[in-house]
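Both complexes below contain chain A, partnered by chain B and then by chain C.
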Partner chain A sequence: MKGALIPAVLAILWEAGSRAGLLPQDSFSRPSAIAAAFVHGFADGTIPRDTWLTFEAALAGFAIAAVLGILAGVALGLSARLERVVGPSVDALRPIPSVALIPLALLVFGFGVRMEASVVAFACFWPVLLMTQSAVRGIEPRLLELARSLQLSFFATLRKVILPAAFDRIGVGLRLALGISLVVAVTVEIVLNPRGLGHAMIGAQQALRSDLMYAQLLWLGALGWMLNHAAKKVLP
Partner chain B sequence: MRVVPPMLFAVALVGIWQLAAELKLINPIFFPSPGRTLRELWDQGASGQLWQPLGATTLRMLYGWVLASAMGVALGVAIGTSRRARQYLEPMLELLRPLPASAIIPVAILFFGLSNAMSTAVIAFGSLWPVLLATVQGLKLPEPQLLELCSTLRLSKRQVLLKIELPGALPDILAGARVGLAIALILAVVTEMQASLPGLGQNILLAQRSFRSPELYAGIVVLGIMGFIANQVLLVAERRLLRWRAPSV
Partner chain C sequence: MIQVRGASVSFGERQVLGGISFDVPTGQFLCVVGPSGCGKSTLLRLLAGLIRPSIGEISVEGRTVDGPARERAIVFQDYTKALLPWRTVAGNVALSLEAGGTREPERSRRVAELLAKMGLGHAVRHFPSQLSGGMQQRVQIARALAQDPKLLLMDEPFGALDAITRQGLQDEVARLALDRRTTVVFITHDLEEAIYLGDQVIVLSEKGSIAERVQIDIPRPRTQLETREDARFLAYRHRLFGLLQH
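What follows is the complex of A and B.
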């Protein structure tokens, strides 16, 4: 209740300032115009379509990163020797800012969902890998010994022992990665990929439709918030 | 003995890549050999071509980050030390936080044009959140005994803040600043690509457009090294600044 007060006051001041001519409408627009652009964007289907395009790439990249990150994390978490050998190479690759790979992804895949998903996958891979690795390393060793004495196959051990025991912390990594996936997808679209919400925002800005641009920005914020909440519900 | 296997692994990776490139198993336009990339990097360093964009990107990153850290700590203290401010502002901050920082690039272009000011504004906005939230978080949990001590000593609010609360929040603040610096580098590269501002980000995009892939890879390597150094510098600073604390809490 108290939290809604300040945004409400700001919105009223914004609207009043705009109507009084204090805030230039080209750049500030006004809340009523933004609300109208929002409704219109949904009615003509452009916002839902762009949302889907963004999510398509974000979720595809996230899924790739989740599978590869969990597999690599389990391997590195189980074998201290492997970790010692591969770890430094992982540490050398990890600090590369994901956006530095945008031109490379463009070179390899051209414009489209594949280049976007590949950059998302690179960015999401690291948190999943690191959380899985430390989660697996923290598993009670006796559980693994038990699996060995029961002569479970590797995949049975993975499914029945490792993943359940490490599930909580892997979930934390997945949640982090899910948040990152949306951010990176939008970033790639804003920089150069001509699809999705990010590109639509740049388009609205260049067409001097600041009302539509703010509507898309607020929608993006809401999407991020909802994704975060959904992830909290589904994952631990 | 303990250094050799990891070195061998890294060398083997690069070696396989080099071999695959030499034998034309992989497309040299997409994946130029590590040798060509290194030579490109060496030439750029020797001819001085590398330093200007490197300096431009570094400065861009630092300007935005310093601005964000200063604002983040100031706002964080304002919000974190007052219950009332927390009640009124925290829900709004929670809503703003998941907003992708790059999404405000169009807004910033609208206000600042395709300029350095736009880039700094975007970087400052993006790396503000980790510092701000870490400061609020760090101020939330002062040790009750310390606060009792303060009231016994009749310290003023200001003294409590400077002597107890801020030092207590320092580990959180520094961790937030480290996350902020990583974000600042990302956004520096993003804004350079989007707005064609001079720097490494623009350079690698131009290298891609003209299919000069060794140059593109050299740029990615340099950005990776920058990210690594930035993180290490702050880790060392953290260790130094927090030496007064008990080793394990």
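What follows is the complex of A and C.
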């Protein structure tokens, strides 16, 4: 409750300052107008629809990255030989800013969810890969010897030993990736993909609807917070 | 019968074991003792099939060892690292049966039976971290026995335990091996433990070769108090003690 104090005071000052004519109307919409735009956006279904479009791309990209990142991380974590071959390529690709891939993704997929999800997947892949790889490499060698001496199959070893042993740290990688997924999805929409909350914000800005733009911005903040909170509940 | 013929192991330039040969008849309790770094654990991993000899051959019951097998169970020294911390005591023992394809309800029945035998009946639902070192080592032994091994490989299993716990477990392992007619290879750095438990004691030198091999001619069952005061026990100790001095 004490955490709500600062936002509440700011909102009141903002509202008062705006009504007193101290803040420019076109860039600092009033909190009351923002609240109205928010309610209206929900009532006419545009905010829920855009939220779904953004989440669809973010979660699809995240899911692809999670599966591929865990598989590749396990392989690289287990095999030093593979790491020596693949490691340099990983180091070369990883620093590419994911948003720099937007033009390429557009060429390959055109506008739409697939292009957006592919950029999200690229961005989310690295933290999952690196955390999984280091988690698997850190597994107690005794446990792997035990698995071998029990003649567990590779998949049984993966399921019963490797993934449970690496679970905590893989979870950290997944949480990082989940946060990144929303950021990248909105970025792609703002830059050029005509769908979702990012695109809606650009629309509101260009229509000089700063009330709506603020409403969407605050809603995105709330979504990010909820996503992180949900991830903390589910993942370690 | 385990036959080791001229087994050498090198890691790069460094030779860890140099041309070792010995036999262990079925049902015998072999203790391998030596200074730290003499390749004792390497020898055990060799017998387990976890590593291959650079030169030489190892066979069990006439078949060449070329990889791990479920009939050869290992008990590791560092019990805190060898148990799955996210599984309960019962779950850890069950792993061994899952690996062998034993299904429920047979699996739970065997687990309960083994845990009762190892004095862990009260700790079934505990996690390893909630148990003392001695109890955790019992879990490892129960897990190894769940494999129904013909050969039990123990790598300094009691090295980290206090003296009283250690003596209790020594007697239990000796009794289990005798009852089940299991061949045991037991690595230790404690000469007295080796003589107390072994039918045969092999002393490894620092260079990783066999310094001495002795048949221990003390009848079983042995007891902590009397056996350790037995003239033969003391004579063996006297004879082997010098080999372990630097």
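The working rule: the second predicted complex is superposed on the first by the 234 of 236 C-alpha atoms of A that agree within 3 Å, B and C clash if a C-alpha of one lies under 4 Å from a C-alpha of the other, contacts with A are read in each partner's own complex, and residues count from 1 in each chain.
Heads up, the rule we're going with is that a contact is a pair of C-beta atoms (placed from the backbone, for glycine too) under 8 Å apart; a residue touches a chain by one contact, two chains touch by 3 or more.
Owing to the predicted nature of the structure, the values given are computational and were not obtained by experimental measurement.
*Asks:* What does the overlay on chain A give for chain B and chain C, a clash or a fit?
*Replies:* Taken together on chain A, chain C would fit alongside chain B, as the superposition shows.
*Asks:* Scan A:K160 for contacts with chain B and chain C and give back first, second, both or neither.
*Replies:* second
*Asks:* Under the stated touch criterion, which partner chain does A:R148 make contact with: chain B (first), chain C (second), both, or neither?
*Replies:* In the superposed model, A:R148 contacts chain C only, not chain B.
*Asks:* Should A:M201 be classified as contacting the first partner (chain B), the second (chain C), both, or neither?
*Replies:* The first partner, chain B, only.
*Asks:* In the superposed model, which partner reaches more residues of chain A, chain B or chain C?
*Replies:* B
*Asks:* Once chain A of both complexes is superposed, is A:G45 in touch with chain B (first), chain C (second), both, or neither?
*Replies:* neither
*Asks:* Once the shared chain is lined up, is A:G21 touching chain B (first), chain C (second), both, or neither of them?
*Replies:* neither
*Asks:* Identify the partner contact of A:S89: answer first if only chain B is touched, second if only chain C is, both if each is, neither if none is.
*Replies:* In the superposition, A:S89 touches chain B alone.
*Asks:* Rounded to the nearest Å, state the minimum C-alpha distance from chain B to chain C in the superposed three-chain model.
*Replies:* In this superposition, no C-alpha atom of chain B lies closer than 15 Å to one of chain C.
*Asks:* Going by the contact definition given at the top, which residues of chain A touch chain B in one complex and chain C in the other?
*Replies:* In the superposed arrangement, which is not itself an observed complex, chain A uses no residue for both chain B and chain C.
*Asks:* Can you tell me which positions in chain C touch chain A when the two form their complex?
*Replies:* On the chain C side, the touching residues are 45, 48-50, 68-70, 72-74, 76, 78, 81-82, 84, 86, 95-96, 98-100, 147.
*Asks:* Help me check something: in the complex, which residues belonging to chain A touch chain C?
*Replies:* 140, 142-143, 145-146, 148-152, 156, 160-161, 164-165, 167
*Asks:* Quick one: which bits of chain B touch chain A in the complex? Just the residue numbers, please.
*Replies:* Going through chain B, the ones touching chain A are 2, 5-10, 13, 29-30, 87-92, 94-96, 98-107, 109-111, 182, 185-186, 189-190, 193-194, 200-201, 204-205, 207-208, 211, 213, 216-217, 219-220, 223-228, 231.
*Asks:* Would you mind writing out the residues of chain A in touch with chain B in their complex?
*Replies:* By the definition above, chain A touches chain B via 2-7, 26-27, 84-89, 92-93, 95-104, 106-108, 179, 182-183, 186-187, 190-192, 198, 201-202, 204-205, 210, 213-214, 217, 220-221, 224-225, 227-228.
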